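Below are two complexes that have subunit A in common, paired first with subunit B and then with subunit C.
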Partner chain A sequence: MDDLIICRCEEVSLADIKRTAHMYQCSAREVKLRTRAGMGYCGGRTCRPAVDAVLEEVTGEKPGNDIPLKVSPPVRPVSLSTLGGSERHE
Partner chain B sequence: MSNHRIMDHPVLGKLEKTEEITFIFDGKSYTGFKGDTVASALLAHGIRQLRVQEESGNPRGIYCNIGHCFECRVTINHVEGVRSCMTPIEHNMVVESGRLQPVPFKSTEADKLPRTYAEFERGLHKEDDPHV
Partner chain C sequence: MYDVVIIGAGPAGLSAAIACREWDLHVLVLDEFPKPGGRLLGQLHQEPSGEWWNGIQETNLLLEKAQKYDTDIRCGVSAYHIEKLEHGYAIHTNQGSFETENLLLATGAAESAVPVPGWTLPGVMSIGAAQVMTNVHRVKVGQKGIVVGVNVLSAAIARELQLAGVELHSMALPASNPATVQHSNPNTVMDGLVRIAHLAPSAFLRFGSKFAKASWVRRLAVKFYPKGGVKMWGMPIHIRKAILSINGNDRVESVTMCRINADGEQIPGTEENITVDFVCIAGGLYPLTELAAVIGCPFRYMEELGGHVPIHSERMETPLKGVYVAGNITGIESAKVARAQGELAGLSIAADKLKAHADLQQHVEDAVKLVATTRADATIQFHPHITDGRHKMEQAFQQTKSS
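Presenting the complex of A and B:
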């Protein structure tokens, strides 16, 4: 069960997150910064609720939207050419 | 041509024949039907691995299949990070799977480093440390 991968982008397992949360008794945000869970390509869209849930179980931290693992725009990863400029420059 | 595609579904009925489209995945030519996404066309050929995790090399493929998780991202016509589950196949499309990337050096003593400035001042400050 602990081999379960929570963050697939950065390949962080449930065991990694539990160990970090137990060792440092820290916030979800600190777990994110220590393990990189939620910092991958998808921007934490996939694993954020799972990381929040593990943290709530270990430290009792309630998921919020202010400092811990907040959601920031853009909604999806976009290339800079989407935001402006029509030509691709490699 | 493909033996993983459901041609006759108990609820949805028979699959209507549509235009065949040929595209290239990792140098090999595959055929799908018009309306297939890159991921579904490859799945019909039994190909489930679309990329590897960049650091570990563990296989990755379709995960959410609704464009949410970016697990199925591939390189299409030299554009990186395209979701194969959201991209319909086109004639002569060149699709490449995600590869292993070089890994930067990792700190082996991350646990010994101070977590806050107060900890830094208490513990690690050394007189002859050139970085202080």
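Presenting the complex of A and C:
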């Protein structure tokens, strides 16, 4: 069961999350930053609730009012040319 | 510079656009899907009255109205960032940037994954993906499948798959693990099932009345749940069986199912293999709020609303000047509620912009009432305490404003 993948973009398993939480005795947020769970290509859209549920079980932290890991742009995958500004404005 | 840019062309975004165009605002609607309509497009269910709710028809009605008012709707446009400008907002998309005085976020909901071993194999999909493939793209998802996760959404969509001629073995729970806590406990699931009894006028009403509303009856029902499941539309629903794993080499070939006790624990020695070529996993919905987070809307976590939701008033305004929200981004509810919220948001935007029109205030107040009555009459209720959640949110907004 521990080799169950939780975050598929970054291939983080349940065991990775448990190990990190126990080794560093850290917050849910720090577990995410250390394992990169929820920080892959999909921006956490697929696994965010699952990652949060696992972290709540593993660290005992209840979800607070702030989104557990700050959402940063771009919230969708974009090409470098789009980011580079060769785009139109309206 | 637009008066308002609306992100999301689902029932909320489209109704808002129509209301804004009725008051002649300069409006742009953006959606990343190739077609407008949002999650409405996949919906098909029978109301207790016997009438069918057909999402494609509902979408067409909204689009006809929008066209009548010359509404600019652009699909295939994905918003990835929003920045605050001195007098409004800049929306950055894969098709360029758009500047606007007001912004309406109507981005809807996303599905939660339920990780069970093997869930990353090809042939495993979310129940919503199966809905879109079946009802929007008209692609048959497989020969024979199974649904993992028993809730309002999966029951409604399982029925749609069945109507489309897709064979389903049954619906069962995911096996218990730290990621499936809410979905793997038979008692919790039974509480939810009783609330969807009315979804299926003939078959499921019997199910609902059998187990009634009293919690002790439900506990007993879980305890003595039949081994063969309870049939809904001829399809077994198991809440005392769970899927331990999804198996296959390069794609789904089978699942391993076992019996579980009333607390969701596996009963050893009851494992069986079931041949399937696709699996739908259903972990419920949560509000899709990334864009609200990126521009710095404050949030509240409310289970009744389905998770983290940007703080907003009953007029659909957020504490950020010119930023409004409507639809499932404000909490998980049915399409009719989203549509009523969209109209309300559109009227609020128009009222805030055209302050001179006194009668607009009255329209806003009427629209607030319409949202409440639509909620009270809703056939599909995703969360039992939605009305409490809405009250708490209004309080949160008042607190934020006064501080």
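Following the convention adopted for this analysis, the second predicted complex is superposed on the first by the 67 of 90 C-alpha atoms of A that agree within 3 Å, B and C clash if a C-alpha of one lies under 4 Å from a C-alpha of the other, contacts with A are read in each partner's own complex, and residues count from 1 in each chain.
Just so it is clear, contacts are C-beta pairs under 8 Å (C-beta built on N, C-alpha and C of every residue); 3 or more make two chains touch, one makes a residue touch a chain.
What you are looking at is a predicted structure, and each value in this text was computed from that prediction instead of being measured.
Visitor: First (subunit B), second (subunit C), both or neither: which does A:Arg8 touch?
Guide: Touch status of A:Arg8: both partners.
Visitor: So, does A:Val75 touch the first partner subunit B, the second partner subunit C, both, or neither?
Guide: The answer is second: A:Val75 touches subunit C but not subunit B.
Visitor: One more residue to check, A:Tyr41. First (subunit B), second (subunit C), both or neither?
Guide: Only subunit B; A:Tyr41 stays clear of subunit C.
Visitor: Tell me which partner A:Glu57 touches in the superposition: subunit B (first), subunit C (second), both or neither.
Guide: second
Visitor: Report the partner of subunit A that touches more of its residues: subunit B or subunit C.
Guide: C
Visitor: Which positions of subunit A sit in both the subunit B and the subunit C interface?
Guide: In subunit A, positions 8, 45-46, 76, 79 sit in both the subunit B and subunit C interfaces.
Visitor: List the residues on subunit B that touch subunit A in their complex, please.
Guide: 53, 55-56, 58, 60, 63-64, 67-71, 73, 81, 110, 115
Visitor: Show me the residue ranges of subunit C that touch subunit A in the complex, using the header's touch definition.
Guide: Per the stated touch rule, the residues are 2, 28, 32, 78-82, 92, 94-99, 110, 112-117, 119-120, 177-182, 283, 286, 288-291, 293-294, 298-301, 307-308.
Visitor: Residues of subunit A touching subunit B in their complex?
Guide: Residues in contact with subunit B: 8-11, 24, 34, 41-42, 45-46, 76-77, 79.
Visitor: Provide the residue numbers of subunit A that touch subunit C in the complex, in ascending order.
Guide: 1, 3-6, 8, 14, 43, 45-50, 53-54, 57-58, 63-67, 70-76, 78-79, 82, 87-90
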